[in-house]
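In the two assemblies presented below, subunit A is common to both, partnered first by subunit B and then by subunit C.
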Partner chain A sequence: MNLKALSRWTEKELKYLLLVPTILLLLILTVYPLIFAIIASLHTINIRTGERSFVGLKNFIQIMSDNLFWNALKNTAIYSGVGVTIEFTFGLGLALLLNTRLAGRNVFRALLLTPMMLPPIVVAVIFKIMYIPDFGVLNYLLGLIGIKGMIWEASVKTALFSLIILDIWEWTPFMFLILLAGLQAIPTDPYEAAIVDGANKFQIFKFITWPLLIPAVLIALLLRLMDTLRIFDQVFIMTGGGPANATETISLYIYRHAFRFSNIGYATAMSFIMLIITVIISNVFINRLKAEEVFTL
Partner chain B sequence: MKSILKLVFVIFITIIVIFPVIWIISTSIKNPIDIFTIPPELVPPNMTFDHYSILFNELGFLEYIRNSIIVTVSTVIVSLSIGMLAAYSLARFKLPHNLNYQISFWVLSTRMFPPIVTIIPLFSMLRLFHLINSRTGLIIAYTAFNLPFAVWMMRGFFAEIPKELEDAAMVDGYSRMGAFWNIIIPIARPGIIATAIFILIMSWNEFLFALILAQTKVSATLPIGVASNVTQYQILWGRLSASGVIAMAPVLIFAFLVQKHLVRGMSMGAIKG
Partner chain C sequence: MNRLARNLLIALLLLGLLASVFGGGKQEKAKTSGKLVLATLNSIEGQTTKKALIEYGKLKGIKVEFVEAPYSNLFEKEVLDMSKKTGLYDIVLLDDPWFTQYAENGWLTDLGPFFKKRGESGLSDDFIPTSAAICRYPYKTGKVYAMPFFGNAQMFFYRKDLFADYGLNRAPKTWDEAYSVMKKITDAGNGIYGYVLRGQQGNPVVAQFMPVFWSFGGRMFNEDKSVVRIDTPEALTALNFFLKLKDVSPPGAESFNAQQLATYMLQGKAASTINWPAFVPTFEDPKQSKVVGKIGYSPIPAGTVKGSSEIGHWLVAIPEGAKNKDLAFDFIHWATSAKNQKDYALKMGTPPTRISVFTDPELTKMPKFKYFLVLKDAIANSTPRPRISNWNEVENTFGIYLSKAVAGEITPKEALAKSQVEVEKLMKKAGYIK
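The block that comes next holds the complex of A and B.
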């Protein structure tokens, strides 16, 4: 093939050629792990010795009766559910409140960006320092307003709750910014019409703001849910899953089986279950988004 | 009156957001003895930079920083170059069988893959190619993980640019790629910069992959360095906070410098799709 023909061919098939590197990499990222997971989950594999034997569905059956797995699932669900709900409520409240002219709004916005820019590892370190029981700043400040200090992440009772506080601090600004951008994208005409018709504030929110805000709400919830379901870094640094497994999350539990106990078959079986949960939840949101037709493709 | 109340409230929220960051900085320059005082002091009575000098001189933090910079910058360059091409194709060409739509959503859905699910297969694959504990392995992993987001975001930016611009350029004798390079990329620059910023921050902050793929001096990044100061037996708080400050300072300064691009990128990329 001469050069001219080659360049003609390239131009003609360009739309596919441009996609090749991305699709190849994403196949490696998604399809290969999926196949790997299906095969590995049916085996017992020791990563150090390389021993491998087919065990059928034994891993999955074992997971069903593994209390620590269910515990990790429960902790993750609580972390995700409680954290995202509070972040959403605060974020929406702040966005509604600040969707007006305000002196120095840009400065405020810049400062609000701070927590989510930080490495999650560092966020965990910051809270570990503030949570120090006897001499920590948080217990001191609480003492000033008459609240008795706690031992935060070191107690079975408050450990998970301490991690959720950290998540709320780190991610409420994200909810706020996404929802604020959503609010600002809403045109003003419907509001003017509603005021002319004598609608009250609640009616305006319910019938105008909320329906038009739905795409932003879906995006914000989807991204946060996915991120909290996979939570690892902060827990790893703050508690390592303890005390007494009170903060063990799915990612952490899978990590320990795979890379501490070298129990690859069992770990992939669990990660397979985790993937299915994630796919189901994200599809619910993505289908709603498709129905909203926000994506002009 | 109402607006003053609002302002007070906003200032209150800002303090809650900023205080913990100030606190870690303050702890990092305190003498160990001043870290445990009642009441806790925000401004250290005797400032010291000992913790920093130990990290740099004895604990190899310069190496962590070097690895972090190399991995982050390479990931940004590789993901942008690969992602840009795919984004352009998805934004511009009509593929048969509605493939644009299908591929776009497939790309988006890969963004939802939990890293812990991918890491086990990735680990075994990288080991096959002897890329464990190497920066290259980490760059490959990060590129794969950032790509969906990069493609999704840039696709939105390219789609906004009128088709007529390239058509005119191609009448003037540019090839398709020539028009893309000389016309489209300069116009889409703000969007591309915003995408680059996001990839940069994600790669700089990443921990789980680094924990599994990069544990040696030649490969470990800053988050690994920070984590190495959290031991089960005794935590040296001054040293730990100094390491945290080292890891967060570059990304914070950077975020402030590019704030405008960042906010724009977040609202555009996330919502307009």
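The block that comes next holds the complex of A and C.
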């Protein structure tokens, strides 16, 4: 083999060689755990008792009749559905408002981003103090405008709702940010043409802004949905899943089985179901994004 | 260049990578001799243990390392290390309810031979008997697998001034006596509540209920854990009284944890509570507290039988896979000595486990340690959480139904009946019920 052949080889094959570390990392960090998870979900694995036996689909069958799992799934669905819808509505409103030539809009934009910068744990701790019915600031403020204070995260009826409020406060800015970016990416000429043609503001929004904003809308919704489906920290700090299991979410329930009860097999099976649900939901959005030709795979 | 050469090159590269990964591992292992690694909590108790180890390292000229974690994280780390016998830690700080599970699985080192080497028969008689009992597996009678480091047991905290205003010039002896004062305080409508209940689902509500349960003669299991005794008349009396306590508590108690209890007491908005002694220094700190000197500390009032609080010690133990057991034992023996426990009490305010430190006049004459004698009695009269290896699961299940009862979703009778069924299932699964 001569030098020339070597250099030709390097030129042709080097790219594959350089990919080796990345592929290796991918194998170790994603493919291996995934395969391990599939295997684990078919076993009863208990770290505490050292039990490790193949049980086939028993874990999944047990999950189907596990009321606590369904309750957690229901809570998570409400949390995601209601939370993301409201965040989206607020986010869109704010983005539309601050996309106009409003005085001091840069200040507003910067201020709006602060909630997102705080660690969720800190937000949860602060909200827990604000929610104290007796001397929490929320009931105090309500009292000032003559509304009788209520019990927030401590009542079965309002607990989940109180957690959603926190999520809305913290993550509306995220929606706002993506939608604003989407709005600013829309070229100005269709607007000019529309104004020339005498379209009113509603028509402009319906026929120009909204269709062109769809990709940003899809991305914002997708990211937030995936995020809320695995909500953990706020619930862990604020309610621990209570009162009366009213705020138990899937992540919290999985965590309990995996780390508190050492029930790894069962927990993995639940994670797997969650993974499938998440993949199905995200695929709806991703297919839509492909149809919008935002990206191609 | 043919395919073979290319494949060889890739294989070589892979080998190199693997070698660097595993080679690195080996080097790490060789270095650990003469070093102590501690798994510890990020609380005051954990900080004190860390400080003790640093001091010990200086004394003996050895290297020391720490892994610090918050409460539930620490449990996860320790379980992972010990179940895989990786020997990452030489010393672990553990909460006593974790002990049964650790010892039952053979994860901890039997300390007997180490005591023998020193010519000692076992744990010193100076440790409070209830503190020593939780370091043995099986409970009270078995081998010693840990040493008690920080003594904790719940106490009844009450506002001496308010209780006196309503006609009680001493600590309440019974729950009835206490409740009648609490009711008057709440009904007076001054914005002060007679009691503040820790009602958050899970560990908090169970920890709050247990002392009430015990003081009405309840026991969760029989002696060998083969019978569950949750759905009993004693438990019903206890739970009904527990809900009465909730009625004289502030609204929102369904989600309160220890911190909210402390806040209500510090603000002078609640007249009594059951909580851990760790909050005493805060109550007596003028910067944070509006009630300095006004809070009395007493054992849990009696219900139908003598009151008993939950014990909650921090223990130090040596994992079975530890690499430096002799040195580790020397450290825990040294750290739990009377001289050192007194030193930590003075410097860090942590409670000891030795009778001689609790009764040390030099400490008890200081205002901030006036509760030591009460705490010593509370510990001596305390009851441990049931010594079962699946306590986490049982506590979680019981916690759900207690939370439902406290939230008024189901009746006390229903809560107990359902807990009974669910806990029996768990006990069967764990092999306690044959």
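One rule holds in what follows: the second predicted complex is superposed on the first by the 265 of 297 C-alpha atoms of A that agree within 3 Å, B and C clash if a C-alpha of one lies under 4 Å from a C-alpha of the other, contacts with A are read in each partner's own complex, and residues count from 1 in each chain.
The rule is simple: contacts are C-beta pairs under 8 Å (C-beta built on N, C-alpha and C of every residue); 3 or more make two chains touch, one makes a residue touch a chain.
Just so we're clear, the structure is a prediction, and the values are computed from it rather than from any experiment.
A.B. asks: Going by the contact rule set out at the top, does A:Q62 touch subunit B (first), subunit C (second), both, or neither?
C.D. replies: neither
A.B. asks: With the two structures laid over each other on chain A, which partner does A:N71 touch: subunit B (first), subunit C (second), both, or neither?
C.D. replies: In the superposition, A:N71 touches no partner, neither subunit B nor subunit C.
A.B. asks: Given the touch rule stated above, what does A:W152 touch, subunit B (first), subunit C (second), both, or neither?
C.D. replies: A:W152 sits against subunit C, while subunit B stays out of touch.
A.B. asks: Taking the superposition as given, does A:F259 touch the first partner, subunit B, the second, subunit C, both, or neither?
C.D. replies: both
A.B. asks: Between subunit B (first) and subunit C (second), which does A:L14 come into contact with in this model arrangement: first, second, both, or neither?
C.D. replies: Touch status of A:L14: first partner only.
A.B. asks: Is the number of subunit A residues in contact higher for subunit B or for subunit C?
C.D. replies: The partner with more contacted residues on subunit A is B.
A.B. asks: For A:Y131 in the superposed arrangement: first (subunit B), second (subunit C), both or neither?
C.D. replies: A:Y131: touches subunit C, not subunit B.
A.B. asks: I'd like to know which partner A:A40 touches here: subunit B for first, subunit C for second, both or neither.
C.D. replies: first
A.B. asks: A:P119 in the overlay: touching subunit B, subunit C, both, or neither? Say first, second, both or neither.
C.D. replies: The answer is first: A:P119 touches subunit B but not subunit C.
A.B. asks: Kindly list the residues of subunit A that each of subunit B and subunit C touches, one partner per complex.
C.D. replies: Common interface on subunit A, subunit B vs subunit C: 21, 47, 128-129, 132, 134-135, 240, 259.
A.B. asks: Which positions of subunit C touch subunit A when the two form their complex?
C.D. replies: 1, 5-6, 9-10, 13-14, 17, 72, 75-76, 79-80, 83, 101, 105, 191, 199-205, 250-257, 260, 263-264, 267, 269, 389-390, 392-393, 396, 399-400, 403-404, 406-407, 409, 430
A.B. asks: Which residues of subunit B touch subunit A once you look at their complex with the stated criterion?
C.D. replies: Listed in rising order, the residues are 3, 6-7, 9-10, 13-14, 16-18, 20-21, 23-24, 27, 35-40, 82-83, 85-86, 88-90, 92-93, 95, 100-101, 103-122, 124-125, 143-145, 147-148, 151, 159, 175-177, 201, 204-205, 207-208, 211-212, 222-223, 226-227, 230, 232, 235, 237, 240-241, 243-244, 247-248, 251-252, 255-256, 259, 262-263, 266-267, 270-273.
A.B. asks: Which subunit A residues qualify as touching subunit C in the complex?
C.D. replies: Of all residues in subunit A, those touching subunit C are 1, 5-6, 9, 13, 17, 20-21, 24, 47-50, 68, 128-129, 131-135, 151-156, 159, 238-246, 256, 259-262.
A.B. asks: Considering the complex alone, what residue numbers of subunit A touch subunit B?
C.D. replies: It is residues 7, 11, 14-16, 18-19, 21-23, 25-26, 28-30, 32-33, 36-37, 40, 47, 94, 97-98, 102-103, 108-115, 117-122, 125-130, 132, 134-137, 140, 169, 173, 177-178, 181-182, 184-185, 215-216, 219, 223, 226, 229-230, 232-233, 236-237, 240, 250-251, 254-255, 258-259, 264, 267-268, 271-272, 274-275, 278-279, 282-283, 286, 290, 294-297 of subunit A that touch subunit B.
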